[in-house]
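Shared between the two complexes below is chain A, which pairs with chain B and chain C, respectively.
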Partner chain A sequence: MSAKIISFPHIGSYHVPIKFLLNALAGKGNKAISPPPITKKTLELGTKHSPDFVCIPFKYNLGNYIEVLENGANVLVQTSGGCRMGFYGEVQEQILRDLGYELDFYTIDAERGSAMDFYKAFKDINPKLSITYSIAAFAVATRMAYAIDGIEEFIRKNIGFELETGSFERMEKQFLHALAQATNVIQVGKVYREYLLKFQALPICKPSNPKKVGVVGELYIVMEPFSNYCIEKELAKFGMEVTRFLTISYRLFSKKHTAEYVLKNTGSYLKYDIGADATDSVGKSLDLARAGYDGIIHLKPFGCTPEVNSMPIVQRISQDFKIPVLYFSFDSQTSETGVKTRLEAFADMIDMKVASQ
Partner chain B sequence: MKIGIPKALLYYKYRIMWRSFLEDLNCEVVVSPNTNKAIMDTGENYSIDESCTSAKIFMGHVSWLIGKCDYILIPRIESYANGDTVCTKFYALYDICRSTFPEAKFICYNVDYAHHQTEWKAYKQLGEALGASVFHTRRAYLNAKNELTVYEKILQSNQDDLIHSDNLKVLIVSHPYNIYDEMLGTPIIRFLKDLNVDVFFADIPDSADMCAKSKHLSRSMYWHYNKEIVGSISHYESIIDGIIFLTTFPCGPDSLTVELLLRKIKGIPMTNLVVDSNTGEAGLHTRIESFIDIIAEKKKRGDEYVG
Partner chain C sequence: MKAYLGVDIGSISTKGVVVDDKAQILAHEYLWTEGNPIHAVKRVIDALQKQIDGKDIQVKAVGTTGSARKLIGVVLGAQTVKNEITAHAIGTMSRVPDVRTIFEIGGQDSKIIILEDGIVTDYAMNTLCAAGTGSFLMSQAKRLGLAIEELGEMALKSQNPTRIAARCTVFAESDLVHKAQIGHKKEDIVAGICNAVVSNYLNNVGKGKRIAAPIVFQGGVSKNVGVVRAFEQVTGSDVYVDEFGHLMGALGVAVLAKQSGKEQNFDFNIQHVEFITKGTECKKCANNCEIIHVYRGEDVLDSWGNRCERGVSA
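Let's turn to the complex of A and B:
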């Protein structure tokens, strides 16, 4: 039997922990590979073979799959989540088969973020897999995700104020490279601490009271910088400190995003869960408004039903708290210049508002 | 008390039950009129651009009812069983309307079996909000449910009567709120009937049976309302000459579902009509006519071959 080469779709920098985990679970003779980095070509490929009105994460994922199948992958993994993700896999598998690829396709229900979900799926690929081993590998991958989230939070808050242009991005690349070499929890911790210090040592010039904006919205667009034209870094260029709650560690391992938890805090704005991450988008918008932030950026794929659901409610919060909200929808037609122009106008507006106070 | 019911979305599934229940509890029921241009335009104004046309129409009906009743009924539906959920639009309509129309009063019931909110529990809470005793509510609920079942059986047997006709038979696969809306499906149905085509409606056969049958076509589809209509394809496979999918722009669940079905179903001609508030009838007519020509031709050849 030929070796199994396992792959998965990109999302932000998380290919490092995902690849680590899949490699560990794959078993002897098999291996995991990352899809090539996302480019315009990836999106074009994905779009070409996708139904027209499907949300754009589907198209990116499909583009990743095609590119990595071309690189030799023969087992693909999809996770459920979002509002259609559970059904994504079945349609993507069908499209890929119709394109003539031979592959095994696994949809993993990772909503609860537990090692057992992966163990169940991988038992099939690697019959020798043990539960203890899976749990150990999962723990390392989890720590990697935490490390990425910790470092990226520092980057978001400071990159806008770097003295040497590009210094943060260079350091980020080195960090990810070092992280990918780690094989156990201790090493991951070491890389994390080392690089946090290195980042802190990068020279910045930050005012004591910078303008602050928060990013809310749909998981994929928020987490995959390619899909949002690196909006966080663009915002930072206007000297803004960017806050974002939605990360893998928050999404999978914190209970704070659950509808139950969020709804306790949303008062009269929300009575029920409105789907996927949208309930949390409302909750976090309210938190940002209450905390006196200068603005909110709401990101979603074009036509994303849950986030479209959240918009009238976020709009009401915006009116009640007089906090400006800028909404972005992304699809394969979205123009990068359009996004930048709107960001610039938003930043100007915030500047004027702050100046007039 | 006067309760307003928007003639959109779940109205087409539950109207018999709602009216019976509410009237039993001594409420007066006001239903908004058939969708017209004005309702559609108002709905558009009160909606986020990227909402599906079906939900925009709903907003138009809600707006029409404001000032004409004491409360507007907006149910909130999440699931009919564990893993048997619906499009998230139905999770959110109540909250969306509260934010969009702060001046209006809404009344809601919440069905979410996955979180132990059964339909009866939901109606019990609705009855309580309307000031009825549990006993009275229970009786009204059971009656209403029974009326709905009887009504559905009649529709099923009417549809079954068509099976043996010699006309061309087309299955409309779409949500009831699209099929029966005056501005969306109704003109298409009328046009098909003018062409002497017998129209089968995907939403009519028994729901539980259809959800089970949908497994033949998709192993992982989890939207209840999509399973109901997809199952009808397996159900009618052997007697229909063609399938028309009717979806509203930009409906995500339907776009994925139709994509899968177009790829999986072999041997039955299919066409997918995507409509929004700007779709002109003329363009649709041409497409439908040519589709009917194709299936007529296919049927003729098939008949000759058999004969």
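Let's turn to the complex of A and C:
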């Protein structure tokens, strides 16, 4: 029996902890590899073999799979969620088989499933896997995700004010490289603290009361910079502090994203769960508005049903709190110029408002 | 006298104005872009020069806006390069200071801008789809054997506008063909098209926006009185169309160029200089960024299109 080479789709910088976890669980003789970084070719491949009307994260995932299968992967992992994403795994597996690839495909239900389901799936790949070992590996991967989220939060808040263009992005690459070398919780903590200090030491020129914008919306588009034309960094270029709640650590381990918690605070704006991340989009928009933010950016894949549900409510919040909201729907053909035009106008609008106060 | 030049290079038309320091228009020009923005701008500059020739006018700053703003900004050495949303808001406010809502329908795009106390508070622009814009009206005018300029007057004659599906231009077109074939009058169909444009606009770009008077309507489609009437009927308030409505972007960016405080005498003899653009594909990774180089004669003025620093040297 040949070695199992496990892979997964990209999302943001999380390939570091995901690869670590899968590598640890894979067992002797097997290994995990990352797909090549997302490029236009990934999207072209994914689009070519996907149903036309499926939401865009599906196409990115499929592109990742095809590219990594070409690199030798033979076991693929997918998660499923509470919207169309629930069907991603089955459909992608079928498409890949129809294309003639030989593979094992595991879908893990992130919405309803438990850590036990995850363990069972890996027990299948690696029969010698023990529970205690899995928990230890999972702890390291989790700590890595927290480290990434912590560093990225610092980047979002400060990159717009860097004195030397590109200094934050260079440091981010070094950080991810160092993080990928870590093998236990202590090392991850060390890398995190070391790089947080390094980031804090980068020269910035930040006003005491900077303009602040929050990003809400659908999970994949919000977290994968390639799919949103690096919108956070583009926004920051206008001298803004960017806030985003939706991260892996928030989504997996914070109870604050659960419908019960969010609905407690949304009052008359929302009375019941509207699915996937949409309930959160409303809740967080309300939080941002109440906190006196200067604007909100709402991101979604074209045709994302849960987020379409959230939009009229977010619009209502926008009117009640007089906070401007800019909506983007991404698909495979949106032009970068169009995004930049709208962002620039949005930044101008905020500048005019701040100047008049 | 100090003056400022604003140029708005859209997909369909190119507009230019020269204004004084009180934003009064001294010279203006409007012509078709015809897929060649550099050539169109040269013609605009030429026409503007003829209009101010012999007067004591010195252009001190240049601003560009519209979809070719970056390219033309480099060609003209502009002090200000601004997106068309901000430019339109600034331009309109210089003509109608208390404006609350701006409807703008151009050749390929449409937008809505909401203002309060002279500040933009909200805006939206069409995405993915150019339904209900000038190019749709143009193709339907052609289908009906009419000139685009005739549509408005003809729509006003209609007593009983035909209902035409407005959601999507593909559906609208097949609906229109069907209605014509079963015997609807031409003026009713034309009025129906005007209503369809308005309902499409308000249901897409205008969705969820608080539309308050005074309303200003501009962009090429504002020249169509049929669409103006349809807007008035739906919103229930007067819709003001400025005589310079088609020049608001150019006017706004001229004002912004003045406000930039940067001054450099502008040389109108630009039409004799040769500008060349060359597109190359960076082969250094699978992104294959399309990089554009702009040359003035032999010299590279600027390059753009690369996603990372590797493309800079390409």
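In this text, the second predicted complex is superposed on the first by the 350 of 357 C-alpha atoms of A that agree within 3 Å, B and C clash if a C-alpha of one lies under 4 Å from a C-alpha of the other, contacts with A are read in each partner's own complex, and residues count from 1 in each chain.
The rule we apply is simple: a residue touches a chain if its C-beta (ideal position, glycine included) is under 8 Å from a C-beta of that chain, and two chains touch if they have at least 3 such contacts.
It should be emphasised that the depicted structure is a prediction, and the values quoted were computed from it without experimental measurement.
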First, second, both or neither for A:P51, with chain B first and chain C second: first
First, second, both or neither for A:F302, with chain B first and chain C second: both
Contacts of A:E344 with chain B and chain C, given as first, second, both or neither: second
Which partner reaches more residues of chain A (counting touched residues only), chain B or chain C: B
Chain B versus chain C as contact partner of A:S318, first or second or both or neither: second
Touched partner set for A:K40, first chain B, second chain C, both or neither: second
Which superposed partner A:K206 touches (first chain B, second chain C, both, neither): neither
Contacts of A:G166 with chain B and chain C, given as first, second, both or neither: second
Partner chain in contact with A:K353 - chain B first, chain C second, else both or neither: second
Interface residues of chain A shared between complexes with chain B and chain C: 302, 311-312, 315, 329
Chain B residues within the chain A interface of the complex: 48, 50-52, 76, 78, 87-89, 91-92, 94-96, 98-100, 102, 108, 110, 218-223, 249-253, 255-260, 263-264, 274
Residue ranges of chain A touching chain B (in the complex, touch as defined): 50-55, 58, 83-84, 86-91, 94-95, 98, 107, 268-276, 278, 302-306, 308-313, 315-316, 329
In the complex with chain C, residue positions of chain A that touch it: 36, 39-42, 166, 302, 311-312, 315, 318-319, 322, 324-325, 327-329, 331, 333-334, 337-338, 340-342, 344-345, 348-349, 352-353, 356
Interfacial residue positions of chain C with respect to chain A in the complex: 67, 82-86, 117-125, 127-128, 208, 210, 285-288, 309
